[in-house]
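The following pair of complexes shares a single chain, chain A, combined with chain B in the former and chain C in the latter.
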Partner chain A sequence: MEGKKIIINDVTLRDGMHAMSHQYEIEDMVEIAKALDEAGVDIIEVSHGDGLAGNAINYGFSKYPETEYISAVAGVLKNAKLDVLLLPGIGTIEDLEVVIDLGVKVVRIATHCTEADIAIQHIEYSKGKGLDVVGFLMMAHMISPDELVKQAKIMESAGADCVYVVDSAGAMLPQDVADRIKAFKDNLNCQVGFHAHNNLSLGVANSLAAVQSGADRIDASLCGLGAGAGNAPLEVLIAVFNKAGIKTSCDLYKLMDAAEDIVRPMMKRKGVEVVIDRDSLSLGYAGVYSSFLLHAKRASQRFGVDTRDILFELGRRRMVGGQEDMIIDVAVELANGLKNELEVK
Partner chain B sequence: MEGKKIIINDVTLRDGMHAMSHQYEIEDMVEIAKALDEAGVDIIEVSHGDGLAGNAINYGFSKYPETEYISAVAGVLKNAKLDVLLLPGIGTIEDLEVVIDLGVKVVRIATHCTEADIAIQHIEYSKGKGLDVVGFLMMAHMISPDELVKQAKIMESAGADCVYVVDSAGAMLPQDVADRIKAFKDNLNCQVGFHAHNNLSLGVANSLAAVQSGADRIDASLCGLGAGAGNAPLEVLIAVFNKAGIKTSCDLYKLMDAAEDIVRPMMKRKGVEVVIDRDSLSLGYAGVYSSFLLHAKRASQRFGVDTRDILFELGRRRMVGGQEDMIIDVAVELANGLKNELEVK
Partner chain C sequence: MSAEYKNGKVKCIIVGSGNIGTDLLIKILRYSKNLEPVMMVGIDPNSDGLARAKRLGIETTYEGIDGFLKRKDLVDAVDIIFEATSAKAHIQNAPIYKELGKIAIDLTPAALGPYVVPPVNLGEHLDKLNVNLITCGGQATIPMVYAVSRVVKVHYAEIVSSVASKSAGPGTRQNIDEFTQTTAKGLEVIGGARKGKAIIILNPAEPPIIMRNTVYTITDECDSEDIRESIYQMVDEVKKYVPGYNLKSEPIFDPLDKYPIRIPGYGEFKRGYKVTILLEIEGAGHYLPKYAGNLDIMTSAALRVGELFAEKILREKSVVQ
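The block that comes next holds the complex of A and B.
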């Protein structure tokens, strides 16, 4: 707090890509980017939902190549910095090279919260290019604040200017956020950021808790447009920050207008809804990857166990991406447990 | 906390009446009430959005008379207690008499936060009938915790079993809620409740803050169905309470199913949306009555001042219902201020 200005990093054009099934029109993206820029947003992220090079069969083809989206937005920004997200394993340093030439000024390298080391080379490369570099620790609810600090230190040592606590599953309560942000502030010298999801309807409250615990950067998107239940809605977040006396460079009315006059009509036109429904709430409650959902639903049908019980058990066991085969095991165990319970009765 | 069970008071069938423009079908209401009852909800409120006898031209005619709705729901509840809301001035003691005979067990008497005294006779009457009686202090963000305590004491002295902090405009931050609930717990012997609105996307977070500050009862509605931006969504609230170790009698999965399989399809069928749009966000930001909105929009057009500036100034001056004529004065003052500013430039 202490009068410092919080840096707002918009993700309407990246996390929002998920909600749009990666089918943004170029002109819609440009209109939104212009409005965000004019409203004083500091950093605007443009990438496939799964980051650079996500435009592929396993992550969903986007309507246009990422270079077209990025070039179009780069051409209209007057004050905001353009940023891209990269997940090592999906995108490569070569992909970074291409987009840096297009005008990207901030690079965010995202890894699972226990795998910061795979971001080292990308962070070092981007720092070498003189960019503002951010480490992005996803599913950060899955490990303790102390363990998370160790991972953040790897990113800071590699040169990150900021490390984010990312609540990918929207599974954190305000206290969970506060604990992690405070641990970062106590142990890191770089800036600290927070990225919310709204699965438990806590996106704005968690972002507020993050700032009150010392966070320097906050992610948000117009109308909350983002994967699943969406992100913290930017126009609401700034209203709350204004009321709480938290300073940003954002113009509240301009953001409200951009949400109401540009993004919501576009969502209606495209048939896109961002709601906390049974699926997104179940994922937030269980604290698991959204990629588990379809597998859990299939296993539910096959073994007669509630999808939510499967997801919750996967969350309890802290299963990570790549362990999808465990979903069947869990469903079988739960089905057997259910059988035993019925027999005992 | 300390292991006590929080009492959940559902308002899907009362505050939700606003969202439904008071056009609930009897069978929809019965289906929702049954699902809430089976999910373990403690108290279920059925009334016109503006309370008993709200079925009139100035508050909006409902599709069926209130006695039909109340009788229908009373006939299906197995465990939950049925409650009604009454605003003195709209409803009368005679209205209470009628519905108590229909099976109502809890009565909630709602007044503006500075007018608790007009609830005394209704509270005394209901206590005399042996009911569970609740005082409901609306727009509670408008006065300080100390002033609010004084009003709550009037209701407690009249016999209220519980007094609510009601965030009618959805204008409170978590700290505002905590301050008021703590002040109540420190100064009252009766139970304390909290009723949220979601205009700032803080409905769930504020309810969590209320419980963590000692609240005994919490209001919520399925899918957040309620006036403006809606209430705290019940199914999400219980997920958060479960995660936070807060006990209730509610079954999370049954509430998730009721929201997803009954209420959301009904909303789609009826074309009802509950969103934080520019209007509801403006009201929450300004902290004013929703009835000011239309007047402020008209004044905005007439005097060329932003609706939001008018609302915000009305909030700053703590205007209350009945002072709608002040809206023109404020708009004129703002327009003149704007004119002066332009002349100076």
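The block that comes next holds the complex of A and C.
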């Protein structure tokens, strides 16, 4: 384990899509991708926030068609591998087929942590195309390390080269991460990865715990640009890894510059903020899918209820990734509840 | 056709002994006027569905469709085959049914035959040998899209079906791509939307969640009251065969002049409405508990279609005699 290089998988252009309400300009993506590539990032993910074919009323439509983003980034990468995310139930193998020809080298298939078997088709297909294939087990805080291992094994036996523990809700503490990554390392032969959200301000700390427990791949994004309070900020992560003596191929100064000179100005221009506020903190605290944040804020305005009340109710109902429609359902119910209360008084 | 109709019923078999097949068997035995199930075909000798069929006095085979084909007497006697396997299996089996001249009612998303959604086009394809019931999500949501599109032009329809993990058997899980593709096409072909998109979510929460469906449509300008009325009428129509089919709230109308929608590569919509329909479908609790409305909506549709085919066969037979 000592001395191995950690593979860095950037998600600024995919998880960041959530924070950008999917309104990325193609030029911005290209500029960021170039900077990431030059800074030595191993893998760069480009997709709708909810994966290929995530363009929907339920998740929000991106400014440009997905293939335009992917082709544009594919055209500028020199060393980094281009990766796409797919959630079975939202995207299909047909959607994969279209983008694989555009130069995709890594495919990540994401399911809720208990539903790995719906990814078998897609993992096998991508493996058959000779791609690097990753299984991505979301909302991994919801089940025990042992249960998670069972699901990871389904993905590994389908052919995954790596399986991720994905803290979609940013709800894990470092020990939760360590327990799950260790369980994976003890029971799987494939690589193991970790994807953080920063809702409890533990994005970097949890990623460090993951590497110290044996993780091979880590996700991060410049300025933490991602759903909820964002991901582990890539520039900070690499600074911490450098100090901890953890090797990567990344150049810290170049990442700092990319964050400061490209991503932050773009966020400012687009009016995008990624912060730990009462709402994103509630995601981590209640264990709710980070991508729900902006949708819940919108529903809060539309129906006149507190975002936190929506998020906590979603947590209580144990809603999983992709169920953005239930945000409206909850908001309407809460609003009707409020109305009834007012009428009684 | 050498089939006999001794008890005034048309003989049928169910291929597939999973959740859907078993629930359908129970429904046919309980409610059918015209159908008599004579065999349940499975591939797993230990399947719960086959055990259940045996207990209900129905002959079973675990040798797949070959187990049925061996039984020449049954092959001759049967008119209708319900396919409750998987899209892949149905694609293999369909030519055999065709060769035998049997009517196939396909409950998988294989979509070889024309789509049927009872409250929209129940009687339309009774001359075909293979009809397809799309998917549970399609059966649940297409009536709503149709309810909107019969009033006003629907530029785009999108549905999200959430079902309890426990109610999604291996067939559904292997068919997840076919589910989204076939449902989306159904929204267009039967629902009447210019463009359709379908999403399915499996939720493992305990106790299991009741099947939920959210239907979004982007419409032209019109009186929202007309849409509302059409939706309520259609809910009553579906309730006739799926009593647990309910609106979770009033339909929500977002005026597009206030909340415009831009779909990349398709168009920008600034007039009319985004209509959101929140549905909850509680099952009858026949094979799986009540949360599995996804079974009921599919098997109840299959029963309705099967019943109609059987009626037609019996009618034609009596004319001949």
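Going forward, the second predicted complex is superposed on the first by the 288 of 345 C-alpha atoms of A that agree within 3 Å, B and C clash if a C-alpha of one lies under 4 Å from a C-alpha of the other, contacts with A are read in each partner's own complex, and residues count from 1 in each chain.
Basically, a residue touches a chain if its C-beta (ideal position, glycine included) is under 8 Å from a C-beta of that chain, and two chains touch if they have at least 3 such contacts.
None of the values given here were measured: they were computed from a predicted structure.
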Which superposed partner A:Val30 touches (first chain B, second chain C, both, neither): neither
Contacts of A:Val76 with chain B and chain C, given as first, second, both or neither: neither
Which superposed partner A:Lys243 touches (first chain B, second chain C, both, neither): first
Touching partner for A:Gly284 - first (chain B), second (chain C), both, neither: first
Which of chain B and chain C A:Leu338 touches, first, second, both or neither: neither
Touched partner set for A:Val320, first chain B, second chain C, both or neither: second
Which of chain B and chain C A:Val204 touches, first, second, both or neither: first
On chain A, the residue positions that both chain B and chain C contact, one per complex: none
Residue ranges of chain A in contact with chain C within the complex: 55-58, 61-66, 88-90, 92-94, 112, 114-115, 117-118, 120-122, 302, 317-320, 322-326, 328-329, 332-333, 336
Parts of chain C lying in touch with chain A, wherever the complex brings them together: 156, 158, 160, 162, 165, 170, 173-174, 176-177, 179-181, 197, 199-205, 209, 212, 214, 216, 218, 248-249, 252, 254, 261-265, 274, 276, 278
Of chain B, residues touching chain A in the complex: 171, 173-174, 198, 200-206, 208, 232-233, 235-237, 239-240, 242-244, 252-253, 256-257, 259-260, 264, 276-278, 281-282, 284-285, 306, 308
